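Okay, so chain A shows up in both of these, paired with chain B first and chain C after.
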Partner chain A sequence: MATTLTRSAPPPTPPRSARARHGGWIALFVAPTVVLFGLYTLWPSLSSVFYSMLEWRGLGTDRSFIGLSHYERALADPLFWRSVGVTMAIIAVTVPIRVAIALVLAIMLNNPRLPLARLLRTAFFLPVVATTAIVGIVMGFVLDPSAGPVNTLLELLGLPPVDFLGSSDTALGSVMAVHIWKWMGITMIYWLAALQTVPMDLYEAAEIDGAGTWHKFRHITLPMLTPFAVIITLLTVVETMQVFDLVLTMTGGGPFFSTLVTEVYIYEQAFTSANPNLGYAATLGVLFGVLTVIVVGSLLLITRLVRGRKEVTA
Partner chain B sequence: MNPTRRTMLGASAAALTATLAACSRSSDSPDTSGTGSGTDAAPTGTLQWWDHFEPLESALTGLFEDFATAGGGEVERTVYNPNEMGQALQLALGSDQMPDVFSNLTDIPAPALVSRELVGAVTLDSQAQSAAADLLFEGMHTFDGAVYSIPLFSHQQHSSLTWFDLDQVERAGGDPEAMTITWEEFRRLARAITANGDMPAWVGNLAFTDRLEEQIVDLAQAAGRPLAFNTAGVSAPDVTDPATGDYVFNSEEFIEALEFLASLIADGVMLGASTSLDARDARARWAAGDAAIFFDGPWNPGVLSGQFPDFLPQVSVTNLPSPDGHGYTARGPSSGQFWMSATSGHVDGVGTLFSLLTRPEFSTALASNMDQPPVDLAAVADADVDPTYTRAIDIFTDWCRLAPSPLVRNPAVGEVIAQMEEIRPSLGEIVQGYLGGNIDDASAALTTFNDAISAERDRAIDAVTSDGLEVSLADWEFSGYELGADYGPDRY
Partner chain C sequence: MTSTLSRPTAERASPAKGTDRRRLPVSRKTMRWVQTAILVVVALIWIYPLLWIFAASVKDATGIFAGGLSLLPEQWHWDNYSRAWSEAGFSRYMINTVIVTVATVAIVVVRCAAAGYVIARYRFRGRRLLIGVLAATMFIPTGLFIVPVVELSDVLGLLNTHLGLILALAGGGHVAAVLLYAGFFAQIPKELEEAAVVDGAGFARTFFRIMLPLSGPITATVVVLTFLATWNNFFLPLVFTFSVPDNRTLAVGMLAFEGTNSTDWSGLAAAASLSLLPILALFVLLQRHFVEGIAGAVKS
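This part shows the complex of A and B:
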């Protein structure tokens, strides 16, 4: 039987008036996003750059333009760099742990034969919806060295008490652990969503070919999830840079600066310093924004380089 | 009728318009709130009063009722957490929504408040003028003779009184009737209490660096270091050596005071959780029976009576520990607590309210709150207060004095302080770092801090003098002052 290939006719072009009306609707629906983005993202960003060049205590209208002086001061400010170091340490430790453990949890919870899967999903996601400030305060009691349940347990085991939040040796690790627990659920949800995109027939075919659990994971799940891994890691990095509320309520940046993340330092400069300086705080905010862009950009660049090398070797 | 997409869009647009209208600044609309945004407007609406003195609720409520009864109008009081007060004022100033009256937690010294035209002068009635005559210092409460603020609280106070659980101290062989205690007696008592096994002896507030700063300054004075203070508050830039005008945070007395606190940790008498407690939490742990002794201010029985009334009868107090048990402390003149915003539209009303603040009845009401002692300590005798509060006031009467104030001598000192950037780690942070094991050499850390804050003051003096104000290091020198004596207005 002969087969005739025919090219489908292009869709008819709508008349100009219809296109204009259509464009108007698009503009109308896009407008709220544009307005809100402009008001709450673009404008604050631009005004922060402006404020960063002012000597402004935040009290009254007493402002003076000082150019880049605050930037010079920030670059030579040891506490700012210390706070950047603490922030980077939190990212370097918590992001890989969060992403990896969340992936394991997601794979386990994605198994349709797992009993109580929905209940477990809810349980792991519950900390995400808990108010961070409340979590921080409650964790202060939980980790209390004198009467907290964790130390009571350690005592029962014959171990010495640990001053989790009061010692600079353990405070940062404690904050990291709570941060991982608090936000693990959202990373798990990202992975669960990604897992839904893997076609089940691939697994079925692999099973017919005799593939075991590990081989299915190694040769189907991982390659299919790789594109998602990049975006999930980036989202987790950006979320981790925003640990302000947890740190403020758990340790306030102490003891002795051991948990002083950049956001808390910016807040201190703006509001709680003995001599508040909104102009300098804005400078630190701008630099932190630049740092965020650099971190995220570097991750994207590394990912592309790795991908490019893989394609070349393939 | 089912709403169509068109009607939904229309309704949404109307709602958005209404919301935006509601969110517009109040100053755009006729001022009926009385927030003072309209400077020339006749006083209308409610007088807005912001402060951070939560325990003054009953005293101020009575004052406002008297004011309303006399036809002064309504006063709407907003009480802020002290941590949030400065931030609220920052935002209010930036958005032209200052209250008529506020308590100054902006860290701007009084002269700078006036020179920057953030506050306005008030007119006291004749009775108030005579009552306040001996309390007002030029450069602190009055400027060019005009009254801007009234001191409510006495300078005879500090936040390092030794509050203790009577039973525990008696069981450990301590003397609960003693009004003073030496460092050695304190350490011996603390070790005995801890050895009894019920609880560690002492709970600190190591997470509250501002309070640590106050306490180390008080302990250094108790060790014999005379100091000048700009006001009755303690903040490192305000605390200098009266003989030379220098900062002396690396002096022997400060190091000894720090070592005394460190010895409590070395002795194993501190509640472990102290490292992550602020004053409020530390007090709660103390009242809950987790420790026997707690350093706190005279407001302690006031807080206990409200939050832990069952514990209050078990409590007593002695002065802060000192090397020889005779620890004098001093503070500068008490600054005014309330200020009238320069934009207030209720100038007459605020003048009347400030006049009422000087009445003996208000001092008695103030004492009844068991918070900071009133400027007239004798008023405590007429107030219905817990015996421990009376005892604390007796200790202050005997051991707290009036220090010289560079700010009173030359109001331009206030501009210098306002110009100074904060030195980090601060004095309180160094105390925290040393007690927490993050700083090994306290003397070196204090010397570094002392050098840095001295250099910062020199820079600020240069900046202020280049703006045309006359101020020099000589303004900080008060030869002839001795700790234990009062430096009254007649000595300036």
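This part shows the complex of A and C:
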């Protein structure tokens, strides 16, 4: 996505006089983005580093500079590390499942002669459109141990009821399952877009050579999709790092911190804790930002290495 | 880009037909129907939780418990909706959500189109820096900037207002929107602009009368994607409405409803349906733009 501009032709350069004449207009057109984005994204991201060095118990209250001691506290905070672990576990489990199953779905639904293909795509995409926070609350209801349909089904099958969200053994798995359900459709759409770029004559040529469905998939579809697999995995990982809405509404991070993801921990420290600390929340935010950069960076690095090796062997 | 998903599929249908007919004509077709049947069953299970919640919204409490998996209520209890709509305040939350979403979408479209236009058509000082910074912040998690955003809004006196929330939502990166516009405007032939200048159109006139109308498909995509993201946003509205329950959006109102009313299952289901139905209906109406917008963003 970010490469659009670098790849496309350089912008037409109007003669110097025209540029000078339009200077004011150019500034005016860029100004709203620079001001809004600067005030509400760029400046807050940078100033978080300053806020992270404050002892600060709530909006409007006194704050004092304490240097890096919040960082020392965070690095020794078992709940912070737990939240990082839970976030990473959700990524490690849900991303591969989403990417793989969505690919299978996309390949099946990409067949134009498949009856009802359009309707089926809509059905799988529908949960994506639904508000995540509301889905989280609704799922609490659907998974309810006494009234929910899932436990009704278990009862029909003669199985004991399961307190999906109330037990620390099952809560994280339930959140992961709902997360996969909620977002599978968007990964499917990514794959459908990628599949459109595979030239059809390759398949026709392969068919003439007598290749079967599996051979076509293995030797045409898969290699053509590899670059997209990287982008799709990256997008999916980044989206998954921010599972805030679903976790907060389904479990609030509990029971016994079993679903505590980092963004929920930050939110609690800043706004709902009995002992709030905005400075410490900012520290956790900065560390989480660093973590995101590390995750995204290492994924990009792996991609580079894989690509580089391919070019060498080719 | 507007037809990316449908066009190639049509082309693909014809040439393969011949080979198909030659061998195994019946079994291929049967296979497709078997595949469809399996997918239909999976899809029904997939959307079952949504259907169940809509069904629960017209049942009474005992009906939800006794009805189990059934989707049909024995009696239709529309009063659940009136309870959620007026008593639980969802009419208020709906208005708030509409105000916040529409205003945010309007600001995002205008500012991203303007920025994208200038980035694509003109070289100016700081252009590369702007693109670089926008792209670099694409992956910033909300947790990183939430504390300073709240502090800033508090200092500006906007923390508990709609305006404060709208500015915070519109001030996000929206990198994809800027880049979609920039990509589009970069492709438009220079001659069009020159012709406009010859006809006496100035900078603003060229943009608003020629460029912006031309970018209709991109605008549709940006509107739809921004609408979806804003309508469904939760973190910012949650924090911006702590001390003013009247300003809650639907998602935040749902959470509060659950907190205060956890035993009113059918009211909860009706409230959830009220909150979900508008966005789902809008999606079904405009799904071409949703799907192609996402697809286009990934492909480019």
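The working rule: the second predicted complex is superposed on the first by the 271 of 314 C-alpha atoms of A that agree within 3 Å, B and C clash if a C-alpha of one lies under 4 Å from a C-alpha of the other, contacts with A are read in each partner's own complex, and residues count from 1 in each chain.
The rule is simple: a contact is a pair of C-beta atoms (placed from the backbone, for glycine too) under 8 Å apart; a residue touches a chain by one contact, two chains touch by 3 or more.
Remember, predicted model here, so these are calculated numbers, not experimental data.
Look at A:L305: by the touch rule set out above, it reaches neither chain B nor chain C. Contact with chain B, but none with chain C, is seen for A:G254 once the two complexes are overlaid on the shared chain. Note on chain A: of its two partners chain C and chain B, the one contacting more of its residues is C. Contacts of A:V104 after superposition on the shared chain: neither chain B nor chain C is touched. By the document's definition of touching, of the two partners only chain C reaches A:R113; chain B does not. By the touch criterion stated above, A:I294 is placed in contact with neither chain B nor chain C. In the overlay built on the shared chain, the residue A:S273 is in contact with chain B alone; chain C does not reach it. In the superposition on chain A, A:G58 makes contact with chain B only, not with chain C.
In the superposed model, A:S168 makes contact with chain B only, not with chain C. Touch criterion met: A:A147 reaches chain B and chain C at once. Shared interface residues of chain A, touching chain B in one complex and chain C in the other, are 59-60, 140, 146-147, 271, 278. Residues 4-5, 8-13, 15-16, 19, 32-33, 35-36, 39-40, 43-44, 46-50, 52-53, 56, 64-65, 68-69, 107, 110-112, 114-115, 117-124, 130-131, 133-135, 137-152, 154, 159, 167-168, 170-176, 178-179, 182-183, 186-187, 190, 203-204, 207, 228, 231-232, 234-235, 239, 242, 250-252, 254-255, 258, 265, 268-269, 272, 275-276, 279-280, 283-284, 287, 290-291, 294-300 of chain C are the ones that touch chain A when the two sit in their complex.
Touching chain B in their complex are the following residues of chain A: 28, 57-60, 62, 79, 140, 144-147, 161, 163, 165-168, 251-252, 254-258, 271-278.
Across the interface of their complex, chain C is touched by residues 1-2, 4-5, 8-9, 11-14, 19, 22-23, 25-27, 29-30, 32-34, 36-37, 39-45, 47-48, 51, 59-60, 108-116, 120-127, 129-134, 137-142, 146-147, 149, 152-153, 156, 181, 186, 189-190, 192-194, 196-197, 200, 203-204, 207, 228, 231-232, 235, 238, 241-242, 244-245, 248-249, 262-263, 266-267, 270-271, 278, 281-282, 284-286, 288-289, 292-293, 296 of chain A. Only residues 9, 83, 86-87, 89-90, 93-94, 106-108, 116, 118, 206-207, 209, 235, 237, 271-276, 285, 290, 418, 420-422, 424-426, 429, 432-433, 436-439 of chain B touch chain A when the two sit together in their complex.
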